[in-house]
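Here's the structure we're looking at; comments come further down.
A, B, C and D are the chain letters, set down in written order, and residue numbers restart from 1 in every chain.
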Amino acid sequence: MISFESDYIAGAHPKVLEALLQTNMVALSGYGSDPFTERAKENIRKVCECPEAEVHFLVGGTQTNAVVISSLLKSYEGVVAAETGHVSTHEAGAIEHTGHKVLALSQCDGKIDSSELASYLAGFFADANHEHMVFPGMVYISHPTEYGTLYSKSELEAIADVCRRYEMPLYLDGARLGYGIMSRETDVTMADIARLCDVFYIGGTKVGALCGEAVVFTKSNAPKHFTTIIKQNGALLAKGRLLGVQFDALFTDNLYFDISKHAIHMAEQLKAVLKEKGYTFYLESPTNQQFVVLEDEKYEKLKEQVAMSFWEKPDETHTVVRLATSWSTREEDVEVLRGIL
Amino acid sequence: MISFESDYIAGAHPKVLEALLQTNMVALSGYGSDPFTERAKENIRKVCECPEAEVHFLVGGTQTNAVVISSLLKSYEGVVAAETGHVSTHEAGAIEHTGHKVLALSQCDGKIDSSELASYLAGFFADANHEHMVFPGMVYISHPTEYGTLYSKSELEAIADVCRRYEMPLYLDGARLGYGIMSRETDVTMADIARLCDVFYIGGTKVGALCGEAVVFTKSNAPKHFTTIIKQNGALLAKGRLLGVQFDALFTDNLYFDISKHAIHMAEQLKAVLKEKGYTFYLESPTNQQFVVLEDEKYEKLKEQVAMSFWEKPDETHTVVRLATSWSTREEDVEVLRGIL
Amino acid sequence: MISFESDYIAGAHPKVLEALLQTNMVALSGYGSDPFTERAKENIRKVCECPEAEVHFLVGGTQTNAVVISSLLKSYEGVVAAETGHVSTHEAGAIEHTGHKVLALSQCDGKIDSSELASYLAGFFADANHEHMVFPGMVYISHPTEYGTLYSKSELEAIADVCRRYEMPLYLDGARLGYGIMSRETDVTMADIARLCDVFYIGGTKVGALCGEAVVFTKSNAPKHFTTIIKQNGALLAKGRLLGVQFDALFTDNLYFDISKHAIHMAEQLKAVLKEKGYTFYLESPTNQQFVVLEDEKYEKLKEQVAMSFWEKPDETHTVVRLATSWSTREEDVEVLRGIL
Amino acid sequence: MISFESDYIAGAHPKVLEALLQTNMVALSGYGSDPFTERAKENIRKVCECPEAEVHFLVGGTQTNAVVISSLLKSYEGVVAAETGHVSTHEAGAIEHTGHKVLALSQCDGKIDSSELASYLAGFFADANHEHMVFPGMVYISHPTEYGTLYSKSELEAIADVCRRYEMPLYLDGARLGYGIMSRETDVTMADIARLCDVFYIGGTKVGALCGEAVVFTKSNAPKHFTTIIKQNGALLAKGRLLGVQFDALFTDNLYFDISKHAIHMAEQLKAVLKEKGYTFYLESPTNQQFVVLEDEKYEKLKEQVAMSFWEKPDETHTVVRLATSWSTREEDVEVLRGIL
């Protein structure tokens, strides 16, 4: 059995684990007040070319989305997101659980469009009854999206522009940010993201860590007492070192980007094999997640030998599946797959 | 200036006000423990032909929806509703404020379709990832809908059927229930609603009362300690008599239905005048709310003399407006309108 | 049976009811956008000598407390209140339901003490672990308190002083404010309250209205989009006139204060009768609520003829009961009581 | 600098880290569906002598308390706890953030008393106004308590008895459970806890893990769809293995209890040193947390060489501090401390 089920099938990158091992017996204060955490923050600020950024570490993606979004919205506001956004669909209602509506926009390949956003916002404020409706209070995008696609720099700029016009924070969910930044087809840098977004997170769980996401507030705009907010949401680790040490390792010597590049390289090989074998792609993805359409019969047979993720059923007789590479994918895994396909 | 702006432009029906006046100085215990409230409940049980019904009085529609829905759902469940349902759009996120997602289905003339509902529910439980999604926990319909339309008895039965198959309560928002029941084009009775729904509310605010809605749990299924739940939501009146006395009056001598019938009669005259004058209807409504499409120029001129509700803009040059009749509409109001149109 | 059970045993003051009757058929826009509501606000601003005050009308006391408090607090803040404060004990957890802790201070005759408040706040911010605790975010006092007692002007000033030092809003629950203002033993005026508090509410339900409370933000400090917040909490009446017309009547020709004075006059007669008959007072109250300690046997017998409120059991063989007067109490009621005692 | 600051100053026990290392590259499905997690659950069931127990892994203590408590309470219920309970004081209002009040009982050495509990519950239901109050819905105790103290078996039985009489779940916070079970002064076993409590958690963070707590529902009483509830609260790890592998290691070959025993042994040495040097204990603790009262001057000097936790100020000139041992404390650490004291 070979697995392309997700980008979180392995533990931590060996260098990350090594860092945990090396620092294991150092006595440290809790809750993120240790020097490793501080150094990780500093390194992230550098990578983002954003010296004034406020960085906080949280444990997982859904938690991060819920804490960040609920801490930035007023009670009567909702978050605007693609109808396929992770917050819209696969977080078990974590956003609504905090009291806020996800205001869904239509999507194309997992992305929202700045013109549709602008026209939705214009329409909202023009509606005579808008005081009886949920106010759009911020915009959520994922990059890469849930479909592995990427915004171009000009698309990001256009969305950021609309957000600024309406004085609305732009929040980028970077659960797989490394894989986006290291895609060969992107013109977006970490500095661009820090410049264009008001807040974003750098995913660790799917890019080399056991767990952990780094939230970056780029405009000195972290909510007051954000540590207490994290605590109140049950998201503050007593052993904050677990996050600090891992991110310190990931943002030392370019590790985060090197291992992301490897995953992209593996995805390209995966893609080549799938193409060579005549598989139909559901859409064109330039990152580590690849989506193919299988006849159901084929799917049933294949999944006996290859772990993949069920994605959706486009019709009665076909299934869309996802195959993901990551920092842990080995060239030989792709070769084994080639033998099976 | 003549007003067809809404069905809540006047105070209370004179007989309702008279009842408040007559009972004003009677010393009563608070919080709905008085005999008028008890009698109102008893009369409602009779009208619904549902002797075991549990009846509670709340103050307004949004409050009622939020309290009923949040008290019936588990934390991980959402409420299924038409994308145009009042809970989906015009309650300022009151449902999400209680922590629950509104799961929107597409609509036709404001109604949901039982087949789409069934197929949505089947798809949800078939999805391999549904444990990461918001569970559908109950179904909300409005009758009449926000567009004045009505479900037929067989449509209601089909929806109730799907709900029972999935062991999901069916909740009917009857903010304008009287106007639905007294429409000439309905085959649905109060007893049908009590039989098919697990809970519904009989709107008072829009049908003769100063305020107040009567929630009816039809299957001995009111949440335990529902009075405490009402209190916790700030919805319990110290002077519960205000609701009890009004509903006692409305459900004595058929008043609720007689005044609803009058509103329907007025709507028919309004419709005749609009047709006679060549106005285009946005859709066909058999109840007290009528929707017409106006050229923007015409709209601007008309609203100097007639109070109407802006509804939506179907295109750049037209506006949909709503004209509503109610128990308080007088034949002469329609005549004045005829003169203006 | 004679009733001194509460100050909400009757309907509305006749002049309030008359105003509802007079305006009943005037066609008005909804949600508080009518001229009666506007005039009521203007009159309240005048009475408070606070021309810049923002006034909003809500339906009941628990609702008002929950909406005001939750709209002013940050997520990690709680409200400081006496352990006997209404928000601490008798609102079924409405404040916690909005996500906020009630931080209870000890009480004396229902009041908090400014020194204890100051020392609690100093201690909180000095605690090395306070980032893991609920931040005090505002102070709640009731005036009159739940025990009928009153703060003196200097006590109020001292509390307001502490609040200002900590940049914390001071909120006064005036469910029975009229009875406090018209007590013979107070030196506190409406203008004092408007000057010293950041927000307070003027109770209608217990002082002449069928329902309704007027929230007054005194420093141009109403939360942005407060109407949407009210709506989202299910507290916005479609027929906003119900509140506007009543408060317009109450704040025309000094009605609110005249009827409050009457209640105080009745309370003095009640007190005199109780003293004359040798009853033991639980505490000294200068307003419309009187608390007496009864032997349980006496209590059982008395309540066959007099409706009173059970308050608490100070020991195994005694019961504290409350007798309340209000605008609706008649001199003859007290005479009847004298005959019974 | 020597640290007795807390029981979470080091990383993971070497054997736990080793297990993470050994399993690091095994490809596993996410969200706790892996075989290590399954084996850990099975081992926990065995240790608790409770084969029908449902075990779930969460990340931290505050998160666990909030998720468990909010999933077991009805909206109108609160959780009863000691006024010094972790949920009452040091979780930044996490419980209230879920909408529930913490109903505080008085404490003695951090413990509640079964008689006071019984009398509080009897009083609550006897109160004529209890429908306007927060219902007690479950009981929370910590064992060891926040002060290091332990309930005896008979004390636990008495509390469990009251809970059963009122049909209220008993929940035990075992953040430091190992240190309680291995105390020389306890007569309480894991099986006792599983038998007497309806739900409890076995703390990992403070007893050898990097993070993680094991929630045990002992009576087949886990809320339906508890995994979705965990997800909705942002508490479900994509790499569920992080928790599964650690608890698998901790509950293999008695590791959890062996390392707890070591901590107790170290605490005894620490205690001996403190006594020998004439320090005053704040209270008598039989577990790994020791509390001493220092003159402020002494405290200021000592903390230059020893990391301790500030606990509270009993008066103007003294400070209570906590010194904690754990699995990671070495005999030589105590010797160094002896040299300093």
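Convention: contacts are C-beta pairs under 8 Å (C-beta built on N, C-alpha and C of every residue); 3 or more make two chains touch, one makes a residue touch a chain.
Please read all numbers here as calculations on a predicted model, not as lab measurements.
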Please state whether A-B or B-C has more C-beta contact pairs across its interface. B-C
Report back the single chain whose CA centre is most distant from the CA centre of chain A. C
What is the distance in Å between the mean C-alpha positions of chain A and chain C? 50
Need the CA-centroid distance for the pair chain B / chain C, whole Å please. 33
I'd like to verify one number: the distance from the centre of chain A to the centre of chain B, where each centre is the average of its C-alpha atoms, in whole angstrom. 42
What are the residues of chain B that contact at least two other chains? 75-76, 91-93, 97, 99, 131-132, 228, 231-232
Under the definition above, what is the set of chain B residues touching chain D in their complex? 70-71, 74-76, 99, 131-132, 135, 224-225, 227-229, 231-232
The chain D residues in contact with chain C across the complex are 75-76, 78, 89-93, 96-102, 128-129, 131-134, 310
Chain B touches which residues of chain C in the complex? 3, 5-6, 8-12, 14, 17, 20-21, 23-30, 59-67, 91-94, 97, 205-206, 210-211, 228-229, 231-239, 241-242, 307, 328
